[in-house]
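The two complexes that follow have chain A in common; it is paired with chain B in the first and with chain C in the second.
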Partner chain A sequence: MSRRHTSFNTALTYAAGLLFLAIFVGPILWFIALAIRPAETAFTMPPQLTFEPNLDAFRHILVDPGTNAPQLVNSLIVAIGAVLLNLPFSVPAAYALSRFKLRGKKNIMLWYLGLLMAPPVAFLIPYFILITRIGLQGSYFSMILVLQTLTIPFSVWLMKSFIDEVPVELEEAARVDGARWYTIMLRITLPIVRPGIIVTSMFAFVFAWNNAAFPLVLSSRSTATLPIGTLGYFATSGVTWNYIAAAAVLAMIPPMIIFLVFDRYVVRGLTFGSVKG
Partner chain B sequence: MASMTFDGIGKTFPDGTVAVANVSFSVADGEFVVLVGPSGCGKSTLLRMAAGLETLNSGRLLMDDADVTETEPQDRDIAMVFQNYALYPHMSVYDNMAFGLQQRKMPKDKIDKLVRDAAEMLDLTRYLERKPGALSGGQRQRVAMGRAIVRHPMAFLMDEPLSNLDAKLRVQMRGELKLLNQRLGVTTLYVTHDQVEAMTMGDRVAVLKPVFNGQESNLQQIDTPQMLYDKPTNLFVAGFIGSPAMNFVRVELTAEAGSLKAAVTGTKISFSIPAKATLSAYAGRQVIVGIRPEMFQVCPESEALFNEQVPVAEALGADTFVFFDIASPPVNINDAEDTEDFPNKGKNRLVARIPPALTPRPNQLLPLTVDLEKLHWFDPVTGTAIRD
Partner chain C sequence: MHTTIVRSPRALGPARKSFIRRNLPYLLIAPSVVMLLALIAYPLLFALRSSFYFWNLQIGPEPLQFVGFENYVQAFNAFDFRAALTNTLILSILGTALEFIFGLAIALILLKALPGMNVVRALLILPTTIAPIVVGFLFRYLYDPGGGLLSWVLQSLWLPVPAEGILGSPSTALAAILFVDIWQWTPFFAIVLYASLLAVPDEILEAARLDRASAWTILMRIKLPLIKRTAIIIVMLRFMQIFNTFDTVLVLTRGGPGTSTRTLGYSLYEQGLVNFNIGLVSAMTWITVLIVNVIVALYVFFAFRNEEW
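Presenting the complex of A and B:
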């Protein structure tokens, strides 16, 4: 009885697992298939299950962008730039919000949250005008700069929660040891929250990488990022589905690599061994 | 090395909690003073004020006669051992100890020598390259000590540094700490809620009590362990110091020719003592008598002051503690009674220490007498000791 019960449970678990796999991995596999099959077979009915795979679409996106800029490289520049500009502001801000007695601390945090909640589309026109006025339109920096309105609030929230986890006694011990606040921040707190900084960078990168709204109005032809390029394939001489699919597959790779490499930091305990165990 | 003076110190937290009020005492150069008291009596707060981690609402803090009330912790040249050790988790044992010296811009080779000397002294040399996470509780405790002693500070502040260790290690570390203090001769302020630790380690012990307003003082008494035991200044100290605790019994005093008769409230038990000046003033009133467990003696029934059934006896090997009840109202030592309307009913459980050979069988009557000369007397309203 219990034995059959168990095997029934196991079967159910596997069925649920397969369903989830189909929902999450299915589209990805379908897109990969789309990218490597001849464009004209994309939507034939009934679906054509056998085809001669080719890498033309990837070659086109990577090697022969034609009139399109090297969008993969552009995306990397913008995303990495956004992370690099983000950290020097969000980490000290998070430190201050976590540790110092500041007036209106709660309001600042809520304001950040508000910025995250608001749809970026609402700000597109103002940002476009602003960036054009200061003559930055079409530059990488314009996108990196405007992305900060999303990445900084998010990073501050995330970083603050990491810094909150560091026992205050560690900093008090350092004060008694004779260290000033900047030494404490640089030599005690930040090294301890290094996993947090890495995780925050990861999220900021993915935020910037996935963002399509800002590059849509701020990039030029030569600085267009991957999402913009993908959109471009809808317009020119019919919809080239294999190019779109190849671009989408390529766009998934960097975030995946990042999560695979830094995975251990996401789960690792922060302050193991600092206080009695 | 330095002396330390607390001069009318007070601390009220922003939420209105009065943690410390009117605390004044001095720690002499090289002295080991223990702060002891129940949870919430302000021990940690007091220590943190000494470190500069907590601001003062009133009073002054002096080190070697210099006012350091407003001095930042960085500039006080004191070392603190935290209750949870607060070791830097990302640094090796070596760097944990070296950090404080590096802040003082000491040359590298000198730092190296000091760290290695301290590690040697604390038997940590083998662990210098390890991170705190890979150490046992006792080793972490020694690293915390090492981080303090390596700096040769003016004073040590220690907040229950042994409370996370198991009983055996605690006893061992207690001895080592005391030795260390004698060897280094550094002024030490040591917090514990364990009165055995306080008695065994302190040159002097300060007994603290929670306060509820700014008029009282946390500090009940500061004295040598022996003096605290022999001459407690009030009910709180008398009840806190000593294990098992002192017994308190309510008695009605009446004056007789040349003597005072004390009748235990609610019972037929009574005894007489020679008249004494201060105590005689309480004739006709209730007072509280304090009896240490070891002041009881097993005696023939005819001489017995107490002769009660013993429902519980705890044999510890060297001693036996016997517990018995008398039909007398109990005494609450934590609050001085602000009423003249004393209770006269209830049950008061007393404990006596007797030689194991005389341990009674369960519920057997045990005749006990008391050395009347040694009794402690307390005012029932204020709780203050009555002495002649």
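Presenting the complex of A and C:
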């Protein structure tokens, strides 16, 4: 291959990289710009690239009148709650599936996966009626509870892949020393696999945070989460795009940070541990 | 799954094994299984029973009368439900296929491993991280006929944009929804395929190059077969996710104009949460669940036929 040919290829590759960024990141930046640009410049033809940025929209949604500030807190409560509730269910299951001989292990794993693929919208009405009957409508707990249908199967799969990587010899050694199974699990395996638990919790948090279907029917005015808040602007006449964008940007930030910080584990998280990145 | 060395718990001699010891793995799994069964079985059984009743929450809080299979007949005869089924299949099949192809192309370019391309790879995943509802708003803004960036770009390229907007015209709305999904999920395929292609051993590729195999042959005969497992899994995941989509549609078009972008997920949403027609939506739920299961079963059967799972 000639040198000129190679440098041409290199240039082409970089051009492609820039094109990808323009296509996949450009629209996000354009939407963030909507949140900080003067409202009257939002829909100009041709689009206005330069403007005086301001934080009026953020002030409106967070401080005065601050409709979305409590929703931001609600989103945090529901997503963190869903992750915390999921751990005592998924950690032991992942441990058992990784370490023990089990009849029908393959089917059990596939069953968890099947649940992740169930249409959530089909369950909304039954959940709505069930939750109303037991008097939990509008509560944080109702949302945290039904989110377990997502977080538990997800965490079992991802966590199992992390536990699989812990060499079984360490446990064998402890067993020879006479340690009980729960001592081994709690004192040896779980501490080693703690980074895996953190990674799993982070991605489970994103799952719960981005879910809008369950809060749509189960939340009340005072427990509504951020995505529901953005829908609220839409219901009012005269769409207030700057406010929608500001609230949406708030909703976008935590998942983006988690994905960028845990970059190494993104592939694994997105494929429930079935593909090692 | 991965092959791991599975060791049974320490043998204590059958007589001394307590109940807990003997059933330990099952007891560790039980809480999650019981929890999930409770959360899944209830809605399904509830829907099964309700699907045989005429029951509309706008008329009364309780089921009004037993109607047999009437709701199922009504669902299948409803023009909009059949349209939803067609649209959902179009979106799922085309979406998954195009995202795979585009994702693979991007992955192959990322593999060139030039300095700085890592930044591109890390940022590329951003669309996938955004909540579908937010993506819906983002594209409503871009598609806006009165000043949306995408509408403007298309017009500037002398491409015809319908007067009622890209989302407002029956001829372009479904394609617009498809484009949104492709935008959000192509990076997912790109990143996952990139990671698995990276694991293909260099020696194999080197040997193929020495044999003067073309890049295309190497891709089709070596790279793709080696990442088949990954490809099978992500295609299935993605297909099911698109099949169940409703929040993007809710924000972008509410299934319109007419029935042009109605999906199964949106139909369920509308019958259940707008019309409160519990009997009918329950029948639709079961039809959807059955369709999903048949597709997954067929897919798993054919895709994993020759695979060690």
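Note that in this section the second predicted complex is superposed on the first by the 249 of 277 C-alpha atoms of A that agree within 3 Å, B and C clash if a C-alpha of one lies under 4 Å from a C-alpha of the other, contacts with A are read in each partner's own complex, and residues count from 1 in each chain.
Following the convention adopted for this analysis, a contact is a pair of C-beta atoms (placed from the backbone, for glycine too) under 8 Å apart; a residue touches a chain by one contact, two chains touch by 3 or more.
Keep in mind that this is a model prediction, so the values were computed, not measured.
Undergrad: Given the touch rule stated above, what does A:11 touch, chain B (first), chain C (second), both, or neither?
TA: Touch status of A:11: no partner.
Undergrad: Tell me the contact category for A:188 with respect to chain B and chain C: first, second, both or neither.
TA: Once the two structures are laid over each other on A, A:188 reaches chain B alone.
Undergrad: Which partner chains sit in contact with A:261 here, chain B, chain C, both or neither? Use first/second/both/neither.
TA: A:261 contacts neither chain B nor chain C.
Undergrad: A:22 contacts which: chain B (first), chain C (second), both, neither?
TA: In the superposition, A:22 touches no partner, neither chain B nor chain C.
Undergrad: Quick one: classify A:149 as touching chain B (first), chain C (second), both or neither.
TA: second
Undergrad: Of the two partner chains, chain B (first) and chain C (second), which one does A:175 touch, if any: first, second, both, or neither?
TA: Both chain B and chain C are touched by A:175.
Undergrad: Is the number of chain A residues in contact higher for chain B or for chain C?
TA: After superposing on chain A, more of chain A is contacted by C.
Undergrad: Which chain A residues are contacted by chain C in one complex and by chain B in the other?
TA: On chain A, the overlap between the chain B and chain C contacts is residues 172, 175, 271, 274-277.
Undergrad: For chain A, which residues are in contact with chain B within the complex?
TA: 167, 169-170, 172-180, 183, 187-188, 191-192, 194, 271-277
Undergrad: For the complex, give me every residue of chain A touching chain C.
TA: The contact residues of chain A facing chain C are 9-10, 13-14, 16-17, 20-21, 23-25, 27-28, 30-31, 34, 42-47, 88-90, 92-93, 95-102, 106, 108-110, 112, 114-115, 117-130, 145-146, 148-149, 152-153, 156, 161, 164, 168, 172, 175, 181, 206, 209-213, 216-217, 227, 230-231, 234, 241, 244-245, 248, 251-252, 255-256, 258-260, 263, 266-267, 270-271, 274-277.
Undergrad: Spell out the part of chain B that touches chain A in their complex, as residue ranges.
TA: So the residues of chain B touching chain A come out as 51-53, 72-76, 78-80, 82, 84-90, 99-100, 103-104, 131-135, 137, 140, 147, 151, 164.
Undergrad: Within the complex, which stretch of chain C touches chain A?
TA: Spelled out, the residues of chain C in touch with chain A are 1-2, 4-10, 21, 24-26, 28-29, 31-33, 35-36, 39-40, 42-44, 46-47, 106, 109, 112, 114, 116-117, 120, 122-134, 137-139, 141-142, 144, 146-149, 152, 156, 183, 186-188, 191-192, 195-196, 199, 230, 233-234, 237, 240-241, 243-244, 246-247, 251, 264-265, 268-269, 272-273, 278, 281-282, 285, 288-289, 292, 296, 300, 309.
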